[in-house]
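One structure, as structure tokens, below. Some questions next.
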Amino acid sequence: MNEEFTYEIENISKTYAGNTVLEVEHLSINRGEIFCLVGPSGAGKSTLLRLMNFIETSDTGKIRFLGNTYEAGSVPPLKVTREVTTVFQRSALMTTSVWNNVIYPLKIRGKNITDSEVKRIENILDDLGLLKLRDQRADKLSGGEAQRVALARAIVFKPTVLLLDEPTANLDPANIDIIETIISKYIEQVNSSIVMITHNIFQARRLADRIALLHKGRIIEVNSKNDFFENPHEDTTKDFLSGRMIF
Amino acid sequence: MNEEFTYEIENISKTYAGNTVLEVEHLSINRGEIFCLVGPSGAGKSTLLRLMNFIETSDTGKIRFLGNTYEAGSVPPLKVTREVTTVFQRSALMTTSVWNNVIYPLKIRGKNITDSEVKRIENILDDLGLLKLRDQRADKLSGGEAQRVALARAIVFKPTVLLLDEPTANLDPANIDIIETIISKYIEQVNSSIVMITHNIFQARRLADRIALLHKGRIIEVNSKNDFFENPHEDTTKDFLSGRMIF
Amino acid sequence: MDGSETQSVIMLATTTSTDDSGLLKELLPIFEQESGYEVQVIAVGTGQAMKIGRMGDADILMVHARELENQFVNDGYGTERYSLMYNDFVLLGPVTDPAQVKSTETIKEALQAIESNKAMFASRGDESGTHLKEESLWDEAEIDVSGTDWYKSLGQGMGETLITANEMQTYTIADRGTYLSMKHNLPNLEIVFEGDESLFNPYGIIPVNPDRFDRINHEGAKEMVEFFVREDIQEKIGEFGKDEYGQPLFFPDADTPDESTDNGMNPVAVSVPIL
Amino acid sequence: MSSNVLAEGFLEALNLLMSMDPYVMDIIAVSLKVSGTALILAALIGIPLGAFLGLTNFPGKALITALLYTGMGFPPVVIGLFVFILLSSSGSLGSFGWLFTPYGMIMAQSIISFPLVAGFTMTAVMGVDRNLIRQLKSLGATKTQATIATLREARLGVLVSIIAGFGAIISEVGAVMLVGGNIEGATRVLTTAIVLETRKGNFGIAIAFGIILLTIAFIINFTMLRLQNKELSGNE
Amino acid sequence: MSSNVLAEGFLEALNLLMSMDPYVMDIIAVSLKVSGTALILAALIGIPLGAFLGLTNFPGKALITALLYTGMGFPPVVIGLFVFILLSSSGSLGSFGWLFTPYGMIMAQSIISFPLVAGFTMTAVMGVDRNLIRQLKSLGATKTQATIATLREARLGVLVSIIAGFGAIISEVGAVMLVGGNIEGATRVLTTAIVLETRKGNFGIAIAFGIILLTIAFIINFTMLRLQNKELSGNE
């Protein structure tokens, strides 16, 4: 685990029904960084995240992850995939209580929910303003509540790598603030990385160490936060930042 | 249809499992305005929209809508409810092609899809960058694509009142721009109103005529756009705008 | 189905064993050809056949349960019972004959041998003509089978009972016709006792009383009775099965005077089949 | 013995099918006619009722549902008996003259398959995302239109409800035996023919009929499923 | 007359149940024991298999699925015949001595109910939001854990698959008649008793047994559904 990179992605691609929606020649995610992925709707951002979580496999290329290389079509062993988790764009909760949803990752890992664990989990729920919803059925939550439950469920088992697909899309400014604080603190705990998709450029600016622009399935530019916003290499990036159409 | 107000809401409330999540004493929506509803997650915004679309009925009070009054528990006739539609926070598309989804409201109204109609619908899809997805199955769309299809489906049949629940939550700046333009143009077509929930304060600022802050199920403040941002009456509003916690 | 159509069809309710013997398949086409009627055969349990008659859903019955037949006529559901033919019951058992029934002289001794050896016996147990006959035989042998564990009451038709007895290697009582027609499927069974005069099994044919129900095809039923008792048809009955089994399955007895209509209590006419 | 009988059955089945034996062809035709008609009737009532139950709440619904699910296990022979009593000359519908005719069999089989179709349709409809149903209403769908769209969403479940209803009646023997009477050339169907041959100890022919029945059911199911091919892809 | 027979049946049913007639109690006990055990066996194989089929794609799956759905309509009497031939003294499993015992009946009924349980479980699992399944995997669920969670999501459908399996075998007569032999005091169950009474022409008693059977099935279904009460609320 002394590698410089959490991910090193080479030449991966993904095709659905004859349509190649992702084609990444090279992308590496450094240890300890928050990496933001931006790009227009349909660019392939969520697809890339699914491949990074090994929920789907790429059609070509390979992914080096936490020190081991996985060829297209192959999947790491459970021990390794359990080190990474995604908070999906569209939160998918089980039709049971909020509490049961949040402790699910611990239960499937055979963890005992001791009193101190209960305390810890309740603290996380409290931080996210969810404590009073502890026993509510998850299919009755508001949009933003569901999104926060999904985040709580992801961080409760302290995965090494956290992939976030627009985790604040359905939230108000105050809640966005809370979640950004949680994300910033979390990167100090995990000795690895956070990859986050966001359409909120201000959010990327507040949180990211580096930013990549994905467009039509290809990486247009990867840059440090400052340069991405101040000195982008590519015209496409400039257009994207200014809200001009780049489809 | 010469009323001053599209909606006049009096003393409505909604309770789920003993929990009162909405209690609005008075709220009126003017003809011809874009009305933005903001507030923290779980405030009751989506619930209010469901009542305004008569998908659920309130437990108390009454709603005057397009010139007629509907008591708690009663629902307008089909002809009237067909004048209002909602784009939900979480887009719910049928598992068929994008095209079939978009023409659904026309089909259930017995409309003939003439060649010129096809042209018109294709233009809407094109505006929203969806034309090339016309025949894709709607359950295979990206988050932002699905949200745009849901919007296309709502405006295609030209409802008099449009209720939008965070219609740009999953979109990039350029797409947000497109949709805001479409919304601004649409209000000129409909001789009534648009009510829109958004967490994006900048968006409210760009689009709204008036803004209301909902908090814990109650309306805290209704104000013109300028005053809401520049001279809010309430401290809660100030806190909300500055991103401070107001739970 | 309208009225005129009804009258061109004759509903014959019979027992499964009668139908399974194949006799009707041989004779009915001749009748249909001659008379122009179409005959539809409902093959069911004995009790069920009587019930169908009592509900007016058949035009004519062909069964072999003398007591029940008399009762049917006496209760006014049938016009008259006509004797048709008879065969006999045989006692079947495993080839090994564990109760040594083969050495007995009378059916009474045979059944007593089964009881004293506690050899398994499979009864149809379905209140069919065969079952009622079997019960009367146990009565005559003064054996109470209830509550014994060697006596298996199956509650099934003749065919099923023979299959079961063959598998379980038990004794059982069957009519000769059914046994012969299924013999090739019953390798474990053979006749261990036959020929006792109390094993006589007469078949009757009863038109359903048209006065009791609408829509009874009484004309057809009468014609069918006339057909079955006719000399050439009676002869055919006596010939049936000879080619295939080397012996007849049934013996015509339409000539036997039938006194049941006189006093209704006429005991079964006794005539030992010549086998 | 066992392999002999099975092999014999297969050969016999092939033989019967190849030779287009009119006796067998007639039995197949009656089976398909009776069960097909019964299924259509059951679907015409069962699918709307199932959709209604799946989409509505009312007091006593749990009771109705339990009754419906119990109806799935209604012994065919008891249904046959009810229908028999009704259709008998001395029964209330005796004047129809349907006893021992395909009409009576269709009636009995409709009753048998209806709870299956309705029950599974209900379950399938209840599995549809409730947000979608709300969205449909918001788009102006009438109750009927929303129901139709919901059934379309639940199409695999509805298809399976039909398959289940068909499977139950094409393989059913108790009711058709009782109500139809197993009359050769008129009301004999595959299952009653199987029972008849079994009773006679002709296991080979019985199995041949069984194989024919299964082949028909398989072809019908496979065709229906092909039409819904995409729906079958696993929920990986 | 028809109403007479029905009324007679109801009274008779009440009477039999009230008097706790040992003959009847014995029949009920055998019915429940045989069908209950068969159902448990069918569920133990059918639920995992159905979940697997619902969650996986592989070549030839459409074929397997069609076979499974066809199995739902496998005539019980043919299954009975197969099992009979297998268990007969000259059959491959003849040495078990299971013919005409509850073991043989359980074997036949497991085979009958298994495709129903598996088929409906599969359909229910395929109705679960595929995003949820992805999310579970992403949270670190093993294939088995994700399957269990998916079955929990599809719980109403799985419950209905069990109810359907139970309904099919508790009401089934062809196979138990053949394999069990309807031996009084040993292998007689409610359905074979119904057939027996029907053959005897005792329609009243037959209907009484039918009512008893339905009452039992209803109580079991109602109890199971109560446990899942919330799931029943309509998808309004």
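Order of writing sets the chain letters: A, B, C, D and E. Residues in each chain are counted from 1.
Simple rule for what comes next: a contact is a pair of C-beta atoms (placed from the backbone, for glycine too) under 8 Å apart; a residue touches a chain by one contact, two chains touch by 3 or more.
Bear in mind that the values here come from a model prediction, so they are computed numbers and not experimental data.
Asks: What is the minimum number of touch steps required to go from chain B to chain C?
Replies: Contact-graph shortest path, chain B to chain C, evaluates to 2.
Asks: How would the chain A/chain B interface be labelled, same or different, where same requires over half of its residue numbers to be shared?
Replies: Here the answer is same, because the shared fraction of interface numbers exceeds one half.
Asks: Could you tell me which two chains share the largest number of C-beta contact pairs?
Replies: Summing C-beta contacts for every pairing gives the maximum at D-E.
Asks: Taking each chain's centre as the mean of its C-alpha atoms, give the chain farthest from chain D.
Replies: Max centre-to-centre separation from chain D belongs to A.
Asks: What is the distance, in whole Å, between the centres of chain A and chain C, each centre taken as the mean of its C-alpha atoms?
Replies: Averaging C-alpha atoms per chain gives centres 82 Å apart.
Asks: Would you mind pulling out the distance in Å between where the CA atoms of chain A average out and where those of chain D do?
Replies: 49
Asks: Measure off the straight-line distance from the CA centroid of chain A to the CA centroid of chain B, and report it in whole Å.
Replies: 29
Asks: Calculate how many whole Å lie between the centre of chain C and the centre of chain D, each centre taken as the average of the chain's C-alpha atoms.
Replies: Measuring from centre to centre gives 36 Å for this pair.
Asks: Using the touch definition from the top, which residues of chain E touch two or more other chains?
Replies: Residues 1, 88, 129, 178, 195, 198, 203.
Asks: Spell out, as numbers or ranges, the residues of chain A touching 2 or more other chains.
Replies: Correct list: 90.
Asks: Mark out which residues of chain C touch at least two other chains, giving numbers and ranges.
Replies: If we look for residues of chain C contacting two or more partner chains, we find 44, 55, 157, 160.
Asks: Name the touching chain pairs, would you?
Replies: A-B, A-E, B-D, C-D, C-E, D-E
Asks: Given the complex with chain D, which residues does chain C contribute to the contact?
Replies: Within the complex, chain C touches chain D at residues 1-2, 6, 11, 16, 20, 40-44, 55-57, 157, 159-160, 162-163, 181-182, 184-186, 213-215.
Asks: Which residues of chain D touch chain C in their complex?
Replies: 88-91, 97-101, 181-184, 186, 196, 198-203
Asks: Name, in rising order, each residue of chain A that touches chain B in their complex.
Replies: Where chain A meets chain B, its residues are 16, 38-42, 45-46, 89-90, 129, 140, 142-145, 147-148, 165-166, 169-178, 199, 201, 240-241, 243-247.
Asks: Show me the residue ranges of chain E that touch chain A in the complex, using the header's touch definition.
Replies: Of all residues in chain E, those touching chain A are 129, 131-132, 134-142, 145, 149, 152-153.
Asks: Which stretch or stretches of chain A touch chain E in the complex?
Replies: Going through chain A, the ones touching chain E are 50, 53, 55, 78, 81-82, 84-86, 88, 90, 92-96, 104-105, 108-109, 150, 153-154, 157, 159.
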